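So, here come the structures, one by one.
You will see subunit A twice below: alongside subunit B first, and alongside subunit C after that.
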Partner chain A sequence: MAEITLDQIIQPENMVYTRSRIMTDTVLHYCPGCGHGTVHRLLAEVIEELDLQSETIGITPVGCSVLMYNYMDIDMQEAAHGRAPALATAIKRLMSEKFVFTYQGDGDLAAIGTAETIHACNRGENITILFINNGIYGMTGGQMAPTTLPDMKASTCPYGRDVQMMGNPLKITDIVATLPGSYYVTRQSVHTPGNVRKAKKAIRKAVEYQKRNQGTCFVEIVSNCNSGWKMTPVDANQWLEENMLPFYPLGDLKVPEE
Partner chain B sequence: MGELRLMKGNEAVAEAAIRAGADGYFGYPITPQSEVMEYLMAEKPHERTGMVVLQAESELAAINMVYGGAACGKKVMTSSSSPGISLMQEGISYIAGAELPCLLVNVVRGGPGLGTIQPAQSDYFQSVKGGGHGDYRLITLAPASVQEMSDFVRLGFELAFKYRNPAMILSDGAIGQMMEKVELFDPVPRSKEILPWATTGKTPDRERNIITSLDLDPKRQEDFNLKLQKKYREIEEKEVRFEKIQCDDAEYLFVAYGTSSRVVQKAVQLARSRGIRVGLFRPITLWPFPSKEIFAMTEQVKGILSVEMSAGQMVEDIRLAVKGKIKVDYYGRMGGIIPTPDEVVEMLEKKIIGG
Partner chain C sequence: MAKVRGAIVVDTERCKGCELCVGACPTDVIGMAEEVNSKGYHYAYMKNPEACTGCVNCAIICPDGVISVYRVKTT
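Then we have the complex of A and B:
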């Protein structure tokens, strides 16, 4: 049998996967196993597949993903904590032909930025919101988030979230789905390859639907924070499946009538 | 000659915004400036010029809408009054930190807290000394008439874009609410230019544009701050504006801006009718402050009275400018009370001439 050389293997027809050209060469700063990197990749792939690079303006939040602009080869703005939907509102209204998205954590979107989230979605701003719910404040070192589960531990609820004392977790995606201005609302996860594939389909819809000008597209990704949760990546994903998903069930909350 | 109209100061701001080719206005109602958005909405600027006008859910949202629009290189603005401007401070600091141009209008009311809806000048410190966090500066224009409310919209945008820095019109409830004749400037079309630094979508011919105020590297963060400071020195060098009224033969000097300067103009007449040779120095830019020009006056005058509708804020900058060479004192009223010309002359006699 003739020997196969490397050059013969590296041929376009043999290509099964390549990194999206929308991702830059910068090394991600995320903890190994963190869901943020996966969601970045999915979004980058969707932007590339839909050929939207030259039309895209993205907004990064304050949170672990604040430096997302280093990883994506698109125009981006960095917002103050919680205010990304306000920026996106203005951008889309001033340049309605562009594709505008925000990328926000749970503290950003569902605590300090609740008003901006609700009002942008209620006005039906034609923007796409990616909401990374990891149930904790990752960037500041693992404090309680609005989405922290009952009895779940965080650095500001070291004995577990006592809902009598600290209030209940907020299912903001459920609220968004009830608003007349939201168009497509879905909850996904990226903790298994199967879920990654589903999440990508959902992100793609949320991006494509923006062209329809029918209202806000909102994708929650139930994600992990192995550093904040103080678990290995594998344990974190298992914990997510066993604890986060029963409380934040996956699936579409609002789909456009076709 | 431009079109003449009788208008409120707040309405003049709104009309000037449309005429200046503003792309967007984002605001939240608060007395005494709500007429700005009311006028805009009534004018249907989306039909007149395509300008976007949106009532935000809060001043927090409004200023961040301004940030988003400014980062696209658009001519965007907001207006509010004191408590609302306080709420915007984080956003203003971000805008300065990201070097974005925009126009802010503060129609000042008395404080602290909810205070009063009556006019005041007690937000001087907030505008010229920072207000938000970090070492930044706001170009601050102080109109003294409805005419200047209109003119400074155009000037404010011009300066904001020239230096990529937020500019503020620091007005007050009296100028916002009063009606005067105003000569409106001719409308200019909205700009179609795509600014090279703006986030408008990364096209193949350029690198991606990133608008951020974040840099975690101390060296780079310091370098950036030094660059900002250099820009601020340049603005201080080139953009000082002021007006001198009856200063040529003055022995004494009032310094006042905005509504106070209107009162003081009367006080100058009154004092002169009593034989007191006094003039008025009216700073038009509160930052950059006309420090050199005020210092120059110390060669000529024996004392300065700063007249303000506050507990004495600008007087600190006058003292810094004068460097102890002559006597500087302050007279002011607070809580929405406007001083009378009589009071002002009396205080000049008591605190400066007699003192």
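Then we have the complex of A and C:
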């Protein structure tokens, strides 16, 4: 057997994976190792696979992912802080044939936007919500968020979150799952290749189910914030698995009855 | 005897050196280069190209989508 050279392997016909063409060439501004980039890429792959590029309208939040419209070659609209589900409601009702999604972090969706989130899901708006939960306000400097774990350190709780004084973390995905308007509710993560594959399947389902007009599809992605957590990306993913996942267990919380 | 040979191509200018791909690789193919790109990051490279199977794990964990994967079957 003649040994095959790298140049022979690296040929266009042998390519099995590359970045989706929906992602633009703009370099992501996220910190090294941030889960936002992974989720952007998964969403772009799903939109490409389902051939929805010209039918998609995305709503970007306020937070680290505020510049998401620079990275994806689709129509996008910026919402005021926390109001993405309200804006998505309006767009979906006016253009019901479009695929409408919101992409929000925990400071946006679970803090200032709690009312919009809960009511949009309770009304059963036919939108898809992607919720990135890293348990901290990343963009503004690592302050405590509603989703910060008990005893987890943040810049505004340097000794750890004291639930006696600061209250309990909010599991908003569990709340959404109890609402009659939600159709598909799941929690995934992107810290290992296996979890990335599962997360992509979940995002694909959440996109496909919107065509059924049965209610809100809600995907929580438990993600890292290595800058806010003051860790290396590899350590942050390890910490996520050991601390975040026991509190935010992965899996489907509500699946459609077939 | 490997029946499948793979290779990766890293877009070194986009790579931020987060090293997630190093841990994701089941065959220990990827290392971080001594050199840095124009932003000062040590980028990923194939330190052990013979072992690559083209499993795509590194590419799907990469937050910046800098890795392209190629795979061929050798018989």
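By definition in this document, the second predicted complex is superposed on the first by the 245 of 258 C-alpha atoms of A that agree within 3 Å, B and C clash if a C-alpha of one lies under 4 Å from a C-alpha of the other, contacts with A are read in each partner's own complex, and residues count from 1 in each chain.
Keep in mind that, in the parts below, contacts are C-beta pairs under 8 Å (C-beta built on N, C-alpha and C of every residue); 3 or more make two chains touch, one makes a residue touch a chain.
In this text, all values refer to a predicted model and were calculated from it rather than measured experimentally.
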item: Partner chain in contact with A:Ala86 - subunit B first, subunit C second, else both or neither; value: first
item: Contacts of A:Met95 with subunit B and subunit C, given as first, second, both or neither; value: first
item: Subunit B versus subunit C as contact partner of A:Met139, first or second or both or neither; value: neither
item: Subunit B versus subunit C as contact partner of A:Gly33, first or second or both or neither; value: second
item: First (subunit B), second (subunit C), both or neither touched by A:Tyr69; value: first
item: Touching partner for A:Val185 - first (subunit B), second (subunit C), both, neither; value: neither
item: In the complex, subunit A residues that touch subunit B; value: 53-57, 59-60, 66-67, 69, 72-80, 83, 86-91, 93-95, 98, 115-116, 119
item: Residues on subunit C engaged by subunit A in the complex (per definition of touch); value: 5-7, 9, 13-14, 16-20, 22-24, 41, 49, 54, 56-57, 59-72, 74-75
item: List of subunit A residues in touch with subunit C within their complex; value: 1, 4, 6, 8-11, 14-20, 23, 27-28, 30-38, 41, 190, 192-193, 196-197, 232-234, 237
item: Subunit B residues touching subunit A - in the complex, by the definition given at the top; value: 23-24, 26, 52, 54, 56-58, 60-62, 64-69, 71-72, 74, 76, 90-91, 94, 98, 199-204, 208-214
